[in-house]
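The structure appears below as structure tokens.
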Amino acid sequence: MQTDFLRIIDILGTFAFAVSGASMAINKKLDVFGVLVIAFVTSVGGGTIRDIMIGNLPVSWLQNEVTILVILISTGITLFFRHRLQQLPVTLFLFDAMGLGLFTIAGVELAADKGFSTGICISLGTITACFGGVLRDVLLNQVPLIFRKEIYATACVAGALIYFLFKSLHVDSGLIKILCILSIVIIRVLAVKYKWAIPQIGSLKRE
Amino acid sequence: MQTDFLRIIDILGTFAFAVSGASMAINKKLDVFGVLVIAFVTSVGGGTIRDIMIGNLPVSWLQNEVTILVILISTGITLFFRHRLQQLPVTLFLFDAMGLGLFTIAGVELAADKGFSTGICISLGTITACFGGVLRDVLLNQVPLIFRKEIYATACVAGALIYFLFKSLHVDSGLIKILCILSIVIIRVLAVKYKWAIPQIGSLKRE
Amino acid sequence: MQTDFLRIIDILGTFAFAVSGASMAINKKLDVFGVLVIAFVTSVGGGTIRDIMIGNLPVSWLQNEVTILVILISTGITLFFRHRLQQLPVTLFLFDAMGLGLFTIAGVELAADKGFSTGICISLGTITACFGGVLRDVLLNQVPLIFRKEIYATACVAGALIYFLFKSLHVDSGLIKILCILSIVIIRVLAVKYKWAIPQIGSLKRE
């Protein structure tokens, strides 16, 4: 059941990130195939980097065709409803925030299962959630949003910390997951609404 | 013999992509070492990503020094004949198209050997053929050509589909390989000659 | 003792590259989290790529939290002393040169331990030393310095060659490491001081 729960989280996260990636690629006026590749990279990129680094090979999305199917369908839906989606920027933003929450937990849980220490689990959760977007931005030839935006990766770190806090309090494991995902989504919503940002550092070269 | 055949395909593909990568790096006015690195990345990049994702480690080109030698020689030849090559853009284009065909088949065959399902084999063949060029473009700081160009990765997908079609018809396996490589090269030639392109999607933001 | 020595080299190299990466990120006006990520990628990137390609998984920095701690501390120090560091460009340059020397030897030794042939060991040492910087530049959306600069990766290749030369002469292994690191640092210093450069190749398209 635990595994089923994680699989559902994974499919929902894949769907959320594929929609968000495809929309950004459509905005960049890529062709249909390019939109598909960017949707693919955005949704499986983070998990692929995590799987490779911990030696969980072949990487998850190669182990069955469900992920490929989910991405094909999500991209199809995004392409079909692109005009409607454009009037729903908040919806698109929420897809991205949900993907972030879902994948952070998926990454933290997998790492904890493999016996990594807490600091490493937090790093791997953050990488799972954020690096699909980093790869997407690199392929689209722009400085990754993660380096420019309001609280983004920090929301993942906070969510992962909440996870370990609740776990040490012996909260039910299903409940922990839901609380963490919600807290990441809420941090993102508040961060964007109230323009929370991490302080920028004055340039090393005083100009 | 099957393995010998695959090894020859691999060496030819490495040569073709090294020449094509080195030429592009020369055009970008990199120094000799930069030209070598780009030739290297273009020719081994796709196979390296494939090997890493399926857990075929150490990656192929580390298992003997043949690949390194082939790349050194191809880059040397490209540097030596650079003025002649500049008058032969069609030749350079054909090198790239041949690399694409050879590496698609190499990737599909390796994946099929490892027992992956058809959809995964097609994805891995396409990644093997296209992602060396993607890495090259990322290092040269340009939006990957794969996202801008006429039919490119689609030619690989088509070639891989033809491979499985012929295989289901029990055509001789050596013949299948040659037919697939040829069909990918021909699709590329026709795509460029007649400017075939995948439809671009209207922007999500109606401007 | 051999292993202890390598571990010290690794920690020093991580420190050197984290400082150099963090400084560059501060110059690019990233926020605190961005500075941390760039410091991270610069210092563990090369070793991570090496570990992944040879199948040494989970990658080294996941095996304990020392590396993460070193990077957090180095980034903290860099942020704290950023105004002082800006008046010490030579110091920053030396940090980078030392990181280059330390990581080349770390990469060559690991590869030699795993039984790879000389040519492969030299490639892997160079990748260990240079590709953290390449990833940093890709994330900062600039053409990697390695392709633009005076003798850089070439210093690593030279250092690795000196390593195998001394090894064939049966010089003491601790001494070899120190000599190689010094020679890479010295080559870098001389290259920058006297503007040594690898010849650029005239463009393929005569313009």
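Residue numbering begins at 1 within each chain, and the chains themselves are lettered A, B and C in the order written.
Rule of thumb we're sticking to: a contact is a pair of C-beta atoms (placed from the backbone, for glycine too) under 8 Å apart; a residue touches a chain by one contact, two chains touch by 3 or more.
Remember, predicted model here, so these are calculated numbers, not experimental data.
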Task = Note whether the interface between chain B and chain C is symmetric in residue numbering, meaning over half of all numbers used appear on both sides, and answer same or different.
result = different
Note = Superposing the Cα trace of chain A on that of its twin chain B calls for a rotation in degrees, to the nearest 5, of 120
Task = Give, as an integer number of Å, the spacing between the C-alpha centres of chain C and chain B.
result = 30
Query = Touching two or more other chains, which residues of chain B qualify?
reply = 52, 55, 57, 138, 141
Query = For chain C, which residues are in contact with chain B within the complex?
reply = 52-55, 57, 116-117, 119-120, 123-124, 134, 138, 141-144, 146-148, 153-154, 197-206
Task = Can you check the complex and tell me which residues of chain B touch chain C?
result = 23, 26-27, 29-35, 37-38, 48, 52, 55, 57-59, 62, 64-65, 68, 79, 82-83, 85-86, 138-141
